[in-house]
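You will see two complexes here that share chain A, one where it goes with chain B and one where it goes with chain C.
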Partner chain A sequence: MKVKTLSRSSDVYLPARNSEVSRLPRNLDPELHPFERAREYTRALNATKLERLFAAPFVGQLGNGHIDGVYCLAKNTRQLNLAASGSGDGVIKYWDLSSRDEIASFTAHRGIVKGLAVTVEGNLLSCGMDNTVKLWDITKKDQSDSPAKTFLGSSGFTGIDHHRSNPVFVTSSNAVQLWDENRSKPTANLSWGADNVNTVKFNQTEQSIIASAGSDRSIVIHDMRSNAPVQKLVTLMRTNAMCWNPIEAFNFAAANEDHKIYLYDMRNLTRSLNVYKDHVSAVMDVDFSPTGQELVTGSYDRTIRIYRVNEGHSRDIYHTKRMQRIFCVRFTMDTQYIMSGSDDGNVRLWRANAAARSNIKSARERSKLEYDAALKERYKNMPEIRRISRHRHLPKPIKVASETKKIELASIKRKEDNMRRRSKKGTMPYPREREKQIIGVAIKQAENKD
Partner chain B sequence: MSAVEAPESISTIEVGTKNASSDIFGSIYSRGMTNKNVKIKDRKLRANIKRSDQKYRDAIRAAKSTELLLQEDAGYLEAEGMEKTYKFTQDEIQKHVDVTTAHKGFQLKLEHFGPYEMDYTRNGRKLLLGGRKGHVAAFDFREGTLDTELHVNETIRDVKYLHNDQYLAVAQKKYVYIYDKSGSEIHCLKKHIEVTNMEFLPYHYLLATVGNAGWLKYQDVSTGDQVCEFRTRMGPATSMTQNPYNAIIHLGHNNGTVSLWAPSTSTALVRILSHKGPVRAIAVDRGGHYMATAGADCQLKIWDVRMYKEVHAYYTPTPPSALDISDRGLLAVSWGPHVTIWKSALQTKQKSPYMTHLSPGSIVNDVRFCPFDDVLGFGHDEGFTSLIVPGAGEPNFDALEVNPYETLQQRREAEVHGLINKLKPEMIALDPNFIGNIDPRAPDERKQALVLETTEETDKKTSEADAKLQPKAKMRGKNSALRRYLRKKSKNVIDDRKLRVQAALEKEKQMRQNNLKRRKGFPVSERKLGPALARFGK
Partner chain C sequence: MSEDDIEDDNDDDENATPSYTGASDTEGSVHPTTTTFSDTESLPSESEVDDDDDDAMKTLQLAVEKASQKIEEEPIKIKKRKKLGLPTHSAPTVDYDEDIVAPAKKKVTLDDIRAHTLSSFGARSLDRLDELEKRSKGKSEVVKSRLGRRLEARIDRAAAYEIAKDEVGKWEDTVKRNRRAEHLEFPLQQSGGAATADITGVVDVGGELDGENLVRGLENREFSLEEVVARRNEMRRMRELMFREEMRAKRLKKIKSKTYRKIHKRERERAQEIAAQLEGEADDADADEDDYERLVKRARERMELRHKNTSNWARDVKRMNLHKTKGTRDELEAMLQRGEDLTRKIEGDDDDISDDELPHGNDDEEVSEEASGIMGMKFMREAEERQRKQNQEAIDELRRMEGGGGGDEDIEVTDSVVNIINQGRRRYAPGAQNSKEAAEESVEQSVEAEDMATPLERKMASIVVKDTGRPALAARTQRTKDGDPGKEAHSNSNSSKSNPWIQNVEPASVAKNASVLSLSKESTRDAKAEAKLKRSRRKAKKAVQAGNTEVAIDVNQILQVRDVHDDDGEADSTNVADSQVLMVYNGGRRARPTEIQQRELVKRAFAGDDVVRDFQEEKKRTVEGEADKEVDVTLPGWGSWTGKGIRKLQKNFIVKVEGINPKNRQDSKLKNVIINEKAAKKSAKYTAGVVPFPYETREQYERSLRIPIGKEWSTQSTVQRLTKPKVIVKPGVVVEPLSAPFPT
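Our next item is the complex of A and B:
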């Protein structure tokens, strides 16, 4: 007869010494792993609960903050650690983000600092309502309030942005003007219309495109190569801030007064790509994450919200009792942190993922976190998991305001539906949510080149 | 020549070739795939599904390729020439195997304490014996080290290990007791009375017991609370087992039915009429495909437990006492002093058994295969015997699931992880993978069910509370319950209940006026008019 039995030798399976790690043989036969779904679901539920347990997004404030409110922020896109903030009393502070200490602080302007931008070499450009744009060299040891260069304008400047690679910057006042760092007068005027322009943004990827937003509720796209504006989009309410998507160069997000943020494709401004709702007051600033997958917004309702680009509602909300109206937000270039400057004079540093920690993780820890993330993604539609992952504590005024808004919108919708029911079919078409806010688009005709 | 050989070698490993992909979906690693015939109009959804299908394929391929890493091979016993495998005795087999395996086949003579019940730990390391007259022993049968041995001085009807070797559950004369590894009594489960059979569901940490009174009770051993108890209404259960695939408890009754139970429903999920007499033993295979039932009518039937259909029928010469199915699908049945083992008897009808054993003079009480090993243990009148059954045990265990070679650290970690990931009793169902599946009902049907559920609940609550607030004709003063209720509630809030109470108060007033009229002798018009004609009433 032929006999063979299972005989496992312990020296294969048990470690020789106490200090050695014992062997873990695996067998992926599903009969050895029953209750797959139930166990995965339980793990996903536990992971969601732990995520909420560890969600502590506030890291700290930068230094001791400003005396007056912080109205503009600028980050150095080439160096991770550096950021600058400008306040209402004209003081600019330059910060080292890793130690959250102040590197330099100086009075830049008489009156409010309206815009900040970082040049290619790492110098700082600031503009204020005192008709000046000043170039500061931070590397110089003693600041003594003297800028390296001053550019004089005809009226107060409201916004400034620098080109990605050339020594060119654009300012907005009552006109959109292009400047060269080495010339003291603007090189070109790119305006369309005679109204106040509030913000201006250079596209960092498609480097000659500029977007500007004006008080006449318009967004204008300019092209540096033709030294002229290209398109104009007029919406129902004013755009407060814009940001270009760093990865998809033709998309930009516009933060609007009507509590929403719109994502536009500059090639087709007749409809927006996405509408981001959830704020209960005017959205003051928007910034894209360097991955182009998320955007952070700061609003007049004292909250910061983080959105995923392809979803319409926020994935997270940050608020503090001490943080008043937020005027500027920035994503740091490593996508892990968010800076916010607000009315109370503080610049705060927040985590982009509330439950993440920045320590160095072992391979086991990293793979467990990735597994947890995959599980949460897979079971995110299950009711219990959805409820727990969506749960956020909202400050009472925000909660009340959002509930009121919901009721009001529902009542408007109900009235519209009633009208639609009573009218002839087809006479009251449904308005498109992505096009509702657009009044009109105009494309500038090229002038004759005779 | 090498160019011809190389593709062959790739296809044997089944990586990346088109032929292999068609086999992959039939393999054990495949999960539900999307139906290719469904046309999806939405572009993004179509792209997403295509991407996830590709991930599935890669996962199945990767899982299949890990089979290379499996170290051990299953055992076998083959007869040469005219020999039959069932003729081989344990002595002959012992001569042909190595010393370690030979030591696993032994006999313990324990004549004084009655027929023995037995249980192995989940990883097959330790053995627990319980003699009917009150002897409990827990020991490592390979090393020969004794964990604990105690005498409880009472009848013992069943013994069970809990999730690891640290805790034993003993069903004694009146109650169920839980002992520590060292033999000290930790708990006395007073709610479990005269328990005859116990089963432990390891992933849910539930101890299911069934007693002489016919009650099936589930107890959570980690939190200590009783999850639920059900009246089986079929008298005491003659046999009990769990289905390891979906944690359903199978009970065999005196009238020949096998009933399937889950903590979510108070009646049996399924009842299968299987035998003409009491069901003496039940066993379910590891994958939850086949159930073997043995009845006092000497029939041994194999059922497809997912379709509830009988597939094969065998017989035992005398009424059987116990059944067990091993990891690899070997079926062991004990009848009288005999133990018979059948190989591949579940899928196909076998003509002759694989192995047989006779323990003369002692009736076999309980039969169990040792997990992950080629060992079969049975408890009988005069003690315990362990047999070597080549090919019974799963050769390759998964150390992250159940580890026979676990160290102290690993045992502790596994316990903690098991408790953190403990499954809820509501997750037990006939199909264990129903979690995450989409409700197939139409949306209005679903909403209606939800509304009915919530209104039923609220109706029940309000009807209980409103029982006090019914209008009563005899009330004359200001202290009617209805008035008291209205006084207590705030004046400017109007809600459903308040409206009803106000209507009831009106009715009460009407009733009082009618009573007064009747006493004074005035005619009382109590004609009831419908709502349309109500204005003509007065």
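Our next item is the complex of A and C:
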């Protein structure tokens, strides 16, 4: 007798080849999947917890670091794994990021190296307080003999940046000077006013535009085409560093001495587009992620913070016990990592996303991660998830400083409110948060064209 | 700090000495670093002043101080800044900006100073000053030119800034697009140039190129001589015709006669009509396009009401006896005809008038009308078809019964009565004539049956009859007069399966809704749902209307009535109570002893059940329980000890526990509601405290959370779409900054 049983062919549910993923039949009947909201919330919560669990931002330091503090960093914008750092004793080191070893190390300047830039060919330009700019051929094994080229200036250089596609670079000293790689003298002087310029930056998208920040608390926009400064902004406090947004040609971020970073539109400098708060000391450096979606900042308070461009507070804060004042930070060109140079002489490598890992993932793992990210995004405003995702252990001095700062600001506000209450109505308007820091601009808009 | 200050402050592009401390001094209190700036700024000025000028400077300063003291006493007012700036007049190159900033202001000149320094002390220094002034006057031209250069530079900068802004502004579209993009895949430019595709310059250039190609292609083509000539002649002819037409139009435009216009208008219309007809016949493909226009036209017709003889024009025609004349009469007739047509159209929308009943039915119109509205939909048409089939069957059945004389009469009787009563407005169905006799007979039978029927049935019938406000007999006579009892017959015949529900007994609305109400088990679900909805609405309305009649128990009357019909004759014994309940419901106008009995019965049945009072008590308890409370926390015996030197303890062991003020309760004004005022602590964990940023209302935010993302709830593609990250970076690739597609 033949017994009939329920059966189905294995062809239906087994993959034809080993390489194929077996397809799980799914039933989308909502009756079978109740409590969707509650389940997804729980998943989001778990994902958030796991994210914090896996958060390990610090990858490691590069080589053995420098002997003196690291005051400038440069990344090779055409190759992912190359970077250079310059220290206070005049030594420049060239790093291989994938192995975290140094490729080359040489004394470049007498005194501090103030700026580094990478040329179009991948060579290194350095400037120092010894009135020289030097061009280094990185491909050579031994750099000790001499640089490929030396440019002499009249005073110590404080910053340097290279044009994205032309053999042109710009330096800041007591003036903003434009140089050609093939000439020994500067081709143009773009300075306007300030007797000491801290930093200078080329726009990477609109390539002929340069921004510089002077010690007279000014930010000046220069245009290479007209060989002249075009606009000037004076703020309450000094700007330490600047960076242009790589995908938004007219926006740049300026790291200010007043613990904040400001995002400006160069077409209208009478107000900032955004103010990034949270640091408790002067911000020393700022760099955009190559996607233009995030900012990394290094501060004198010994922390690195990462901001989303359209938010006002940091999404993450990095610190270690041994890390001292941070003078330079850079995103790597693949947006995955962050380099930082600090007073303690180490160059550190961090993950841009603390919980992310860059190993190759299976499709399933990737889709799971994407699903988790979507859930976290969706439920991020739920109190518990919010609390867990924001929770960070901070070093005590920073915690204390931030609390003190909060109190200070509150008291200032209270005082102002009292004054406002007692003064004639309308005489003390509320200052706008995004315009507070601005004292004035040189060229005011006659008419707004937009 | 004003704009000028910034300019002046920093505009030492040449080696001009910033001899006043400008902003740094005035702003000095703002920031500690500013003091260092002022130092550095003053340094070069000191170094640059010549040694031999040094003495002069000192004496000059003294003199100036003196002078300024006196000046201050006098009404001449000078700003502090200017005072500080004054010594720099000694330097030959200095030009400072009194001319620019305040050209109208009175300057302090040497003569002023001299006038105020009477002592011999300043004599030598004044001589010196004279010398200086001469020198400075000698070089005044240089000063002039420098002023010009500064202004020039400033204007240049402004212009350069404008240009730079414009250049950078070219990125605006790209930036906006990237910001708005749902997903950004980096590196941007390799992924098909999404970011740069919309730069207008590129697009324009592309367009031009295309045009050029086209022109070139045309140029390359060769024409024969004949072709060229023929084409030229054709063109000439067309031009000529156009010109003539134009001239004619001009001439016609000048004609002012009204009759001419009227005639021509009519002509034009007629021509159009004919053309439309021809078109309609010839070519149905364009019908769709014309449909809209036709609809608009018809709507206009409806709005105008030109087709009724109530219009001013029509009345005038009648009043003036103009309708005697042939033309106007025709017109009037045409108008009325159109009016009639339209009404027929409208009727046709509502009633399903069969074709054979319409004497001069316009077939085309009929078709178009049928196809419109909900009746035109497929399911409705199918339903109609089904209905028609059923009707046919029923009629056949009736005929058969007529012939064979078989069948259960009781069913016929009750149903016919009910259905007749429910009919209200009469409807005409196909095959009406055939079933006429049958229907009549069935009615007669029902009348007969009334006499023999059980009291319940009588009651039912009487109630029903009364409620419809149309006596059954009258209805019958009317019907026979009409001679079209088809619909009745139809519903009647249908009755063996039909389910006439409660509407049949509901009085006021029956007449209105009768046409739709004969629902059977076979009728479509939609129809049933519709009927149900209507029923509930009607009920609600009636409940409001009949406020005076008290509904003792809410019984499902639908079921009861159906039972009456379904149980045929046997219903009399079992359903007495139900019918009485019904009567209670319908009552208010006719209180019968049974009704009173019923009330009594209900009262007795729920004798101990005072729901209302219980509820009120419960509410009171809740309100009191949640209100402010004073709790006595006295410990028995505490403080009651005795002995020497014991102070009397203050006995305040009453603790006040704050609660919710009864007046502030949400249900304080709602009589029949208790609202729980306790905060739900458990759910607090799952609720966002405030509406988060991009959302504006709570509903918006909740909507964003409603649809689950996971793969248990949606298909693979949806899940992928929902979980796709906003920014995707290709791993292991340099993400280059955007580069311009246009030359910079």
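Please note the rule applied: the second predicted complex is superposed on the first by the 413 of 450 C-alpha atoms of A that agree within 3 Å, B and C clash if a C-alpha of one lies under 4 Å from a C-alpha of the other, contacts with A are read in each partner's own complex, and residues count from 1 in each chain.
The definition used in the following text is that contacts are C-beta pairs under 8 Å (C-beta built on N, C-alpha and C of every residue); 3 or more make two chains touch, one makes a residue touch a chain.
All figures in this text were calculated on a predicted structure; none of them were measured in a lab.
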item	value
Chain B versus chain C as contact partner of A:Leu409, first or second or both or neither	neither
Partner chain(s) touched by A:Met419 [first = chain B, second = chain C, both, neither]	neither
Partner chain in contact with A:Leu152 - chain B first, chain C second, else both or neither	neither
Which of chain B and chain C A:Phe250 touches, first, second, both or neither	second
Which superposed partner A:Tyr41 touches (first chain B, second chain C, both, neither)	both
Which superposed partner A:Leu80 touches (first chain B, second chain C, both, neither)	second
Contacts of A:Val400 with chain B and chain C, given as first, second, both or neither	neither
Winner by number of chain A residues touched, once chain B and chain C are compared	C
Touching partner for A:Glu31 - first (chain B), second (chain C), both, neither	first
Chain B versus chain C as contact partner of A:Leu6, first or second or both or neither	first
Where chain A meets both chain C and chain B, residue numbers	26, 28, 30, 33, 36-37, 39, 41, 43, 378-379, 382
Complex contact set, residues of chain A against chain C	26, 28, 30, 33, 36-37, 39-41, 43, 77-80, 164-165, 191-196, 204-209, 215-218, 221, 223, 225-226, 228-232, 234, 236-238, 246-250, 257, 266-267, 290-291, 293, 333-336, 358, 367, 370-371, 373-375, 378-379, 381-384, 439-444, 449-450
Of all residues in chain A, those that touch chain B in their complex	1-8, 10, 12-15, 22-39, 41-43, 46, 378-379, 382
In the complex, chain B residues that touch chain A	28-29, 63, 66, 69-80, 83, 85, 88, 92-93, 96-98, 100-101, 203, 244-247, 286-288, 372-374, 388, 390, 393-405, 407, 410, 420-424, 427, 432-436
Interfacial residue positions of chain C with respect to chain A in the complex	1-3, 5-7, 9-13, 27, 30-31, 33, 37, 40-41, 153, 156-158, 160-161, 163-169, 171-172, 175, 178, 184, 186, 188, 195, 684-689, 692, 701, 704-705, 708-715, 719-720, 722-725, 727, 729, 731-740, 744
